[in-house]
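Pasting the structures here.
In the two assemblies presented below, chain A is common to both, partnered first by chain B and then by chain C.
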Partner chain A sequence: MRLLIGEAVLQITEKISDGVCIITLSGDIDAHTSASFKEAIDKNIASGNIRIVFDFSALNYISSAGIGVLNAALHTVKGKGGKMSIACASKTVYDTLDVMYFTKKIAVKNDLASSIKEVTAS
Partner chain B sequence: MERSLSIPARLSELSAVREAVIDFIGPGLDETEKGRVVLTIDEAVSNVITHGYNCDESKTVDIGMKSDHNSFTFIISDTAGEFNPLLSAPADMGAYHEHGHSSGLGVDVYRRIMKVQYIRNAEGGNRLILVKEKKNENQ
Partner chain C sequence: MQNKLKVPVIQAQELIKDIRLLAMCGKILFRKYLYNPLFEAGWYTEQTDRNRRKLVERIKRESEDPAFLHTIAPRCKKLICSSMNESLAAIGESSIFFLERMQLHSAVSSSSEAIEFADILTSPLNEFNKENSEKNEDLFTEAVHDADVEELKTAFEPVKLANDSEKIKLSTEIRRLYENIRIASQYHNIPKCRRLLSSYIIRYSDDGDYARDDVEKLITALNSRSPGFEDELKNNIAIDLYYRIKQGVLKGNIPTTVTAIRKYGYIFEGNSETRYFFEIDRLERILYKMISEKGLWDDLKNKKK
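And now, the complex of A and B:
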């Protein structure tokens, strides 16, 4: 989905590859767009996709609203025996994750392959 | 240097607020510090829109920006009911993660990143003053 020009833009694409759900975000996750982010994650968890990698390579910004969505999802996924990982966060996005102590809770990797390996490891 | 903007209390305006802050700061802070200031202003304005105004688009949030040799100052003003973020207890990060909470970090974040001063306007409304010091090149 894509929101209107002038507002924060968030594009979300999803694919399943070898049992791993890869959710790619492009744009900004803020209090306005976080509901869409939540919807995409919840839909996948409901479908049984509990090994989830978030590709942040095209994500410009995340606020506490987005991290809140991730935190709630991580809690749910872990409860179902799954795993999550973040790949390719920019320096600014990584710093925000770190400021909110989320880097201590989820593996943040420099490349997609490492994140995929992280969520598929037993 | 000074600049200001007023936005309707609509979350879709947050992007414009962030762009204005980024533009105002310019090269005055390194990328990490600039990102933290942008995050802080975004969090504070989000709170006014969501909690102060209940996303009532007929209301307005005013954002004033000032820059001098020593610091950047941002003043966020509203006409909402009284809310002093300095009286909020620090976020319980243990409970936040353990219980999978999805909200409640915004105030804590900006209190840690910038110097915060709160003023309740005599005529009603809140004024939040957020200050970020510039690093002196000679330090």
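And now, the complex of A and C:
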């Protein structure tokens, strides 16, 4: 039995709102798209945006390549005194983060407002 | 250019892992991809060395004396040639033994025998890997499909550090690692430093209390002492995890496979330049798709709570 798997597509949009960088992801984060995901995060951190919220409401899939990118970013952001949070993850994406034990490292909230509150809280 | 003058450590490591995988795939493939290429390259001899063990011991002894390092490669070639008249298992063991010596001594890896040996086997073993890559995905799909929920739950268990004694153990491990690396580096034993770091990182990197900063300090120090150390370490870890995954697939061992996939993700943090990055990602997608189709997400999460 073979599973036919198409090439993943990821769309990334970013905006800054009240000192919080909101990165919205749409599509899949896997080996093919993790590099552009990493680039978007690194660019923001380099610009001094260390309060980051990831809007996962339109994200269909995340593999360990994507979780690895998040883990590296979390390490850097924490080192600079910043915070990260994930908002609106679908059940499948949340379950993947959870079984990979990433929900123990990062706050995952049901809505954007709670995530923004999370990263702005002192 | 350097690659043409000697067999790189990473190439020797990959060949070792390939031979081990080949051994799991049965005699026909072993003969096709290991015995036949060596035979065709003229490495077969009618003469059998009845004291293969003695020769191995002698090579090991001589490996410790710099004056004898130049004798190791010709003796290893003799060992392999004579084992070809003995058994397939003996050829495998002798080949791995030679490749291990190449990793330890540059006098061996830069010998004409070592370069010839790697040249003979690299192409057939690449062919073996290519042919098996697609088969591996099928085997993995079948294994995940047939796996019961308990087996998958085991696969997603993390390194458990729930109590203080386990955490103390981890901090003792990093101190031990420091000490062992200090000793090994005093003797310029870079392969040993690489082995120690590699096994520590693979074992603990997906744990919450992993001493990431300490490990990075060690890597930086060793890299300045031996340029290229970091790249070789990463390749070493990628090869190790990739072959754990492949072995897991061939044996239908889902926990081993999934654990190695997870560790790979944590260690390489989405770096697409890492070896086997895309191949492993495909297996992971198959895994999650099957878990979704079987409706196992909630069962897997319940195990953790």
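As a working rule, the second predicted complex is superposed on the first by the 116 of 122 C-alpha atoms of A that agree within 3 Å, B and C clash if a C-alpha of one lies under 4 Å from a C-alpha of the other, contacts with A are read in each partner's own complex, and residues count from 1 in each chain.
Here is the rule we go by: a residue touches a chain if its C-beta (ideal position, glycine included) is under 8 Å from a C-beta of that chain, and two chains touch if they have at least 3 such contacts.
This is a predicted model, so every value here is computed, not measured.
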Put the two structures on top of each other at chain A: do chain B and chain C fit, or clash? clash
Touching A:A31, do we find chain B (first), chain C (second), both, or neither? both
Of the partners chain B and chain C, which touch A:D98 in the superposed model: first, second, both, neither? second
Between chain B (first) and chain C (second), which, if any, makes contact with A:A65: first, second, both or neither? both
Just chain B (first), just chain C (second), both, or neither: which does A:K80 touch? neither
Can you pull the chain A residues that chain B and chain C both touch? 3, 30-32, 38, 61, 63-65, 67-69, 71-72, 75, 91-92, 95-96, 99-101, 105
Residue numbers of chain B touching chain A in their complex, please. 11-16, 18, 31-32, 35-36, 38-39, 42-43, 46, 49-50, 93, 96-97, 99-106, 109, 112-113
Along chain A, where are the residues that touch chain B in the complex? 3-4, 6-9, 28, 30-32, 38, 61, 63-65, 67-69, 71-72, 74-76, 91-92, 95-96, 99-101, 105
If we count contacts the way the header does, which residues on chain C are in touch with chain A in the complex? 137-138, 141-142, 145, 156, 158, 206, 208, 212, 261-262, 264-272, 277-278, 280-282, 284-286, 288-289, 292, 297-298, 300-301, 304
Name, in rising order, each residue of chain A that touches chain C in their complex. 1-3, 5, 30-32, 34-35, 37-38, 61, 63-69, 71-72, 75, 91-92, 95-96, 98-101, 104-105
